[in-house]
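Two complexes come next, and they have one chain in common, subunit A, joined by subunit B in the first and subunit C in the second.
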Partner chain A sequence: MITGRKIILVLITALVIVGCSSSSDDGPSSKTDDFNRGALLTNLVDNTIIPAFEDLQVKLLALKANKDVFIVAPNQINLEALRMSWIEAYKVWQSVEVFNIGKAEELQYSFQMNVYPTNVLDIENNISSGTYDLTNVNNNDAVGFPAVDYLLYGIGNDDMAILNKYLDIKYKNYLADVIDQMASLTQIVLDDWKTVYRTTFVNSIANTATSSLNKFVNDFIFYYEKGLRANKIGIPAGNFSTTPLPEKIEAFYNQDISKELALEALNAVQNLFNGKAYLSATIGESFKSYLNHLDRNDLVGLINTRFDDARQKIEALHDNFNIQINTDNTKMTQAFDALQLTVVSLKVDMLQAFNVSVDFVDADGD
Partner chain B sequence: MKKIVLSLFVASVLFQSCSNDDDGGNSENQVVAPTTYSFERNGNSSVSFGGQTTRIQMAHELISALKDNTQTEKVLDAMFAHVEGEVDFSDADLNASNKSIRSKTAASEDYFKANTTDGNAIKADFDTWIAAQASDVFTNWDNDASVGNAGKIQEAGGGSTRYVNAKGLEYNQAVNKALIGALMTDQILNNYLSPAVLDAGSNIADNNAGTVADGKTYTTMEHKWDEAYGYLYGNEDNPAVPVTNADSFLSKYLFRVESDTDFTGIAADIYNAFKLGRAAIVAKNYRVRDEQAEIIREKISEIIGIRAVYYLQQGKASLGIDNASAFHDLSEGFGFVYSLQFTRKPNTTEPYFTKTEVDNFINTLTTGNGFWDLDATILDTMSNTISSKFSFTTAQAGS
Partner chain C sequence: MKTYLNQTTSAAPLAVFRMCFGIMMCFSIIRFWYHGWIDTLYIQPKFHFSYYGFEWVNPIGSYTYLLFVVCGISAFLVALGLKYRIAIITFFLSFTYIELMDKTTYLNHYYFISIMSFLMIFLPANAYFSIDNIFRKKTCISIPKWTIDSVKLLLGIVYFYAGLAKLNSDWLFKAMPLKIWLPSKYDLPLIGENLMQQNWFHHAMSWSGMLYDLAIPFLLLYKKTRKLAFLLVIIFHVFTRVLFPIGMFPFIMIVSTLIFLDIGFHEKIIKFFKRIISYKTLKFSIIENTNYNYKLRKPIVVLLGLFFCIQLVFPFRYMFYDNELFWTEEGYRFSWRVMLMEKMGISSFKIVNGETGDFFYVNNSDFLTPFQEKQMSFQPDFILEYAHYLGDHFTAQGHENVQIYVESYVALNGRLSQPFIDKDVNLYQEKESFKQKGWILPFQDEIKGL
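Up next, the complex of A and B:
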C-alpha cells in the first residue's frame, strides 16, 4: 500500500516537473540563435542596396539628361521623354525608400525625395521668388518626385498650358534645380555606401539597439507600415480621417501610375524579406533564411502568403487610385486590411523571433 | 491522516517546482488587489484616463444635441468627429481636446485594425443615423408619426413624446446605445485589455523594469489598463470607488443589470477584476492580468446581451397597446443588438454575434415598415437566439 502510494507520488511529481518545465519554455524561439547576421547584411548591401541605388542613379541621370534637352526645347516630344524618364526613376525609387539608414538617414534623404502631397503654394512661391534653399526642411514638400510630378503634369490644365509655363526661365530653373538636387543627393548616398558605410554596416553584427540588423529591420517594418501601407493606401482611403483624402495619393498629378508604384513597393518589400537580389533571381541570406534558421518556417509561410494576398487585393484596384477611391473605396480599405495583417506578423512575431525591440512608436498615433 | 500528509507534500512539490522555475518571466509574483482602484508611484497616483472621460462627456453632449431639433446636421457631425480647437461643445475643455468620438468608434486593435473595411462601414452607420436625425426627424418634429412617416408619437397616459423615423426608430437612441458597443465595449474588451495593446512594443520590458512613460507616473502598460477602466468608470465623481450609473452609457447599464436580482454581483465582479488585473500589472504577473481581462470580457458582454433581450421583451409587451412606449424600448434594443458585434467571448477573439449576424438582426427589425411591422413571435425568436449564446435565459433578462 505504502509502496503503491510512493509510486503514485513519484508519478505525480514527475508529471508536475514535466508540466512546469514545458510551461517555462516560451516556444520555438528557444533555439540558440547562432545565425550569421554578417552574411545577411552582406547579401543585403551587395545584392540589393548598392545595385538598387546604382539603378536609381542611372535613371535619375537619364531624367536629368532629358530635362536638359527639354529646357533647351520645351516641346511635346521632349516633355513626353522627360515624363517617361520620371516614371522610370519613380518606379526604381520604390526599391530604395526603405533604406533610411547611414547617409540617407543623416541627410533625411527620403524627406527630400518623396514627401507627398507636394505643396503647390510653396513650389509656386519658390518659382516666383527665384531664391530658395531646396535642402531646407520647409521645402521637403516642394522637392523630389512629387514636386516633379506637379511640374510635369499639374502646372497647367493641358499639355499646351504646361509647355507654355516653360517659356518662363523661372520654371525652367526650378525644374532643373529640383531634378539636379535629386541626382546629387542620390550620388552622395550611393558614394557613401560604396566607400565608407558598407564596411560599417556589414561588420555591425551584434544585437543591440544600434546594431545594423536591429536598425534595418526596424526601418524595414516602419517603411512597410508607414511608407507603403499608410501613405500609399490608408491615408488616401480615409482610414486616419473622417472622410477619404484622394488628393493624398502618390503621383497625384499623374494618377494613372499610383497602383503601379504601390505594386513596385510591395514587390521590393517582399524581395527584401526573401533575400532576392535586386538585379537577378539569386537568393541570399535574408529575414526569411534567418527565420528558417530559427525553425520558424511557419512564420515565413504566413508572411509570404499575406504579402501575396495583399498583392492580389492591390492588383484588383483601378490603376488610378483617385478613381478607385471615388468609385469604390471599400476595395482600397480591403487592400489596406490585407497589408495590415502582415504588420502584425513582422512587428510582433518576426521581431520576437529575432529578439529585437521595436524602436519606433505606432505609426498611426492615438 | 496519511492522505493529508500526502496532499500537503504534493502541494509543496507543486509549489516548489513551479516557484523555482526562475527563468525571468514565468516566476509568479503574488497579487493582492487593493480595496479601491488606487495605485501610486512615489506617492503620486499612477492612474490616468483623461481621454476616456473626455470622450464620454463628448458623447453626452452629442446624444443631448440629437434631441434638439434646432441643431443642424453639420453641428451634430462636428460633435461626433470633433477637431481640436473647434467650438463644437458647450464645455471649453472638450473643445480644446484633440480627442474625437468617431476616430475611436469600431476602431479596436483586435477587431478593426486589420479590418478597417468593416470599421468604416460601422462609422458610416453612425454618420447615416446622425444625418437622418436632422434630415428626416427634425424636419417632421411637429407631425404625428404613422406607418411609413417620421414624426412625434406620445406615450400613453400623457407620457413622454418620442421622435421617430418612418420605421418607428429613434435615431438618438440608436446612436446612444450603439456607442456603448462600438466605443466603450470595443475599446475596453478588444483594445485596451488585449495583449496586442498591453504588451505592444517594449511595454513588458518597461513594466518589468518599472520604466515609466515619458514624463508620466505610470508605465505604458499600467496606463493602457487604466484607459480600459476609464471607458466604464471615467465619468464617476470618485472613479477609484465607483458607484455606477455615472453616465448614459456603460456605467448606467451596469447599474441597471446589477439592479436586476438575477444578476446582482456583476458590478463587484467587474470592479474586482479591474482592481486585481491592475495590481497584477504592478506585480508583473501577466497570467493573473489576462485572467482578469477574460472575466471583464465575459461580464461586460453580458451587460450588452442582457439589455438587448430586456428591451426586445419590453417592446414586445407594449407593442400595439402603447406604440410610443414600445418604439422607445425597441429603439434602445436596436442599439444594444447592434452592440453585440463588439462583445467578446472569453478566451477567444470572437464576438458573441458576428457583424453578419447582427446585420441580419438589424435587417429583421427594420425591414418593410420596421417597428410597425414587428410582432411577438419575431421579438421572442430574436431574444431567444441572443440569450442562448449567453449564460442567462430570456426570462431572466426580460424583466
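Up next, the complex of A and C:
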C-alpha cells in the first residue's frame, strides 16, 4: 500500500491547503475577489435609481400641475399641455418600472402605475359611483398611466367629446385622484430610497436569495422577460394566444407612442446592464463589469449585440404598434424573437456565470 | 468463495449501521416535511414528471402526507429493530414510491437510500441489539461476514464511481463546474474573498475531490489508513455541506462510513447505549446464539450477487449512446454522477396548428412550478414528457392538429448557450424510449473522459 500512502499524502496536502488562508504567489492566474459588489449597487442607486425616480417625480409634478390647470379650464390648449406632460412622465417611467424592490415591492408600486390594458368598465364604474379605493388590488387596472391614457385620449371619439366629459365634476375628480395618487406613491418610494433604503440596499451583497444583489439580478431579468418582451411586444403580437391582441399594447388610446415607449424601455435595460448612469455619460460597476471580471467578455459582447439587434428590429416597426400588428404582424414577431435571444443570454448564460442563489428553488441539490 | 461465505464476524457493526440509518432516515423525512416540501414538490404541481415505465406512480393527494408518515415510522422501527423485516420492506417501498412520484427531485443520494434499503431487506441487521431480540428471546452476536461487506461494497461503489465520473476534461483541466460555484461563495467568512476566487484552488479542489472519491473506499478498508480515512470523510463532507445546499447527504455518508471502523468501536457504541437504557436491569431472558443462520441463504446470495453485478454495470450504460453524455443525459442518472455539471437552459414551447401554421407560445409557469421549469429546461426526457402533456392539454381544450415544437437553449459548464433541441421536430410525434433521441442537437464541443 505504498501507493495508498502517496494518495494520502496528496489528499492531506490538498486539504491542509484548504485549511490555511491564502497568501498565494501563484502567478498571473491567481486573483482575489476584487470585484466590488457594493460599488455595483452604489452605482445603481446613486447614478440610476435615485436620478430616474427624481426625474419621474419632476415629470409627475408637472403632470399634476397641468392637471390642476386643466380642471379649472378644460379646454383644448390645456388638454394638449396635459397630454404632453403625461407622455413625458410615461417615457421616464420606462426607466423605473424594473426597480420592483424595497418600498416599490412592498407597495406593489408598478401594479398601481402600469397595468395594461386598463379596464374601461372599472374606470367608468368608479367615476359614476364617485367612491373608490384606488390602492385596492381590484383597481390596479383602473389607475396609473394606462388609466390616464384612457382619460385623456379614450373617453370620447374626438377631442370635443373628451372635453365635454370634463364638464362633469366626477370625471374631473377621478382624473385628479388618479394623477395625485401616482405622484404621492412615487414620492413615497423616492423618499424611502433617499432616506433609509439606500444604505440597506447597498450593503446587502451576500449571495443569498434575499440579498439586494440577487434580488436585483432576478428582478432585472424578470422585467426584461415579462415587462418588456412579453407585455410590450409578445402579448399584443399574439405570441401567447391564438390570434394577435393589438388591444393589449401599451398606451392603447394614444397608440402613436407605443414604439417610443418600447425603445425607452430597451435603452433603459441596456444602460442598466452596462452601468451607464441615467441621463448622463457616467459609467460605473455593472453586470457588464462583473461579467468582465469573471472573464466572460464573450458574453458581454453577445448580450450587447443582441440588445442592439432587438433595437433595430423595434426601430423597424411602425410608431403605432396597433397599425403594425394589423398590417404586418411578422415584423412584430421578429422583434419578439430578437428580444427572446437576449432573454436566453441573460437568463441562462449570465445567471450561470453569476451563479446567484435564486429564490425560487427551495430544495436540496446533489 | 465457499469459505468466504462461511466466514463470520461480530454483529455489532451492522446493528449500529441499522440504528444510524433508521435515525437518519426518520430525521430526513421530518426535515422534508418541516420545510414544507411535501406540499411544494408533490401537492402543488399540477403535473409531475415520471420515470419511463413508472408513469403510474403519482402523488396521492393529501394521502401523500400519510405516505411520508408511513415512511418515517418505518425508518424509526428500523432504528429500533422492531419488526425489522416488515419495517425495512415498508421503508424501501414507501421511500422508493416517493422518489418515483416526480423525477424533478431526483438526487443521487435518494437513489442511494433506495438501493441501500433494498439491500438491507436481505441483511440480518436486527440479529443483534434490537427489540426483535427481546420478543424472539434470542440474539446473535455473530453474523456472516459477507453481509457487512455488502454494505461496504455498496458504499465503495458510490464513492469509486463518483470518482470515475470526475475523470473528464471539464472537471480536471477546466476545473468546471467548481470554477463557477466556488467564486460565488464570496460571502463565506475568511476564505470567501480570497481562497474561493483562486484559480489554483479550483483546480486543487477538483483534483483532490477526484482522488478522494477514488481512494477513500480503499483507505477505509486498509487497517492502517482507516482512522485517517474516516477523518478525511468528515472533513470532505463537512466542507461540501458548507459550500453546497446538499441537505442531509453529507451526514448520511459520514454515519454510513462508520461501518468500516473496527468492531471494537461498534461494540463500544452498543455498550454505551446499553448503559443509557440500563440494559442489564431490564430482565429479559435472551439466549445468545453465536451464529446467525440464513433460512434462504442460497437464493439470497444469488440475488445479491446479481444486484451488485447490475450496480457495477448500470452506470456504464451511457456507452450505448453516441452523443456527449453531459449534453444529452442519456444514461446520466443512477450512475453516481454527483455535482459534475453546471447546466442551465431555457425552453419555450410553441403550439402549432399543423394545418394552418398558426402558433402561440406557452407560458411555462402556467403549468410548472419554478423548480420543475428549471429542471425541465435542460433535460431532454423532461422536455419530451412536457411536450406530450401540453399536446394533450391543448387537444383536450379543442385545439386542432396540435403540433408541439420547442426552442431550447442550454449552457453547460460555462460555455455559451447553444441550441439544444431541433426546433423543427414535432415533439408530439416523438415517443419516449431507451433509444437514442435523434432530435437532440449535437454538442458543439468535446468533453474527453469517462
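The rule we apply is simple: the second predicted complex is superposed on the first by the 322 of 366 C-alpha atoms of A that agree within 3 Å, B and C clash if a C-alpha of one lies under 4 Å from a C-alpha of the other, contacts with A are read in each partner's own complex, and residues count from 1 in each chain.
Here is the rule we use: a residue touches a chain if its C-beta (ideal position, glycine included) is under 8 Å from a C-beta of that chain, and two chains touch if they have at least 3 such contacts.
Predicted model, so just to flag it, every value in this text is computed and none were measured.
Student: Regarding the shared-chain residue A:S345, is it in contact with subunit B (first), subunit C (second), both, or neither?
Tutor: Second partner only, subunit C.
Student: On subunit A, which partner's contacts cover more residues, subunit B's or subunit C's?
Tutor: For subunit A, the partner with the higher number of touched residues is C.
Student: Between subunit B (first) and subunit C (second), which, if any, makes contact with A:Y150: first, second, both or neither?
Tutor: Neither partner.
Student: What is the contact status of A:Y278 with respect to subunit B (first) and subunit C (second): first, second, both, or neither?
Tutor: neither
Student: By the touch definition at the top of the document, which applies to A:G234: first (subunit B), second (subunit C), both, or neither?
Tutor: both
Student: After superposition on the shared chain, which partner residues are touched by A:T242: those of subunit B (first), subunit C (second), both, or neither?
Tutor: A:T242: touches subunit B and subunit C.
Student: With both complexes overlaid on chain A, does A:Q334 touch subunit B (first), subunit C (second), both or neither?
Tutor: So A:Q334 only meets subunit B here.
Student: Output the subunit A positions appearing in both contact lists, the one against subunit B and the one against subunit C.
Tutor: Touching subunit B and subunit C on subunit A: residues 5, 17, 21, 24, 26, 234, 238-239, 242, 340, 343-344, 348, 361-362, 366.
Student: Mind pulling up the subunit C residues that touch subunit A in the complex?
Tutor: 35, 37, 40-41, 105, 107-109, 180-181, 183-187, 190-201, 204-205, 207-208, 211-212, 215, 218-219, 222, 224-225, 228, 232, 235-236, 239, 244-249, 338-339, 342, 344-346, 348, 358, 360-363, 370-371, 374, 399, 407, 409-411, 414, 416-417
Student: Applying the document's contact rule, which stretches of subunit A touch subunit C when the two form their complex?
Tutor: Against subunit C, subunit A makes touches at 1, 4-5, 7-8, 10-11, 14-15, 17-18, 21-22, 24, 26, 29-33, 37, 205-208, 234, 238-242, 294, 296, 298-299, 302, 340, 343-345, 347-349, 351-356, 360-366.
Student: Quick check on the complex: what are the subunit B residues that touch subunit A?
Tutor: Where subunit B meets subunit A, its residues are 2, 6, 9-10, 13-14, 17-18, 21, 23, 25-26, 51, 81, 102, 113-117, 120, 196, 200-202, 205.
Student: Looking at the complex, which residues from subunit A come into contact with subunit B?
Tutor: Answer in residue numbers: 5, 9, 12-13, 16-17, 20-21, 23-24, 26, 234, 237-239, 242, 329-330, 333-334, 336-337, 340-341, 343-344, 348, 357-358, 361-362, 366.
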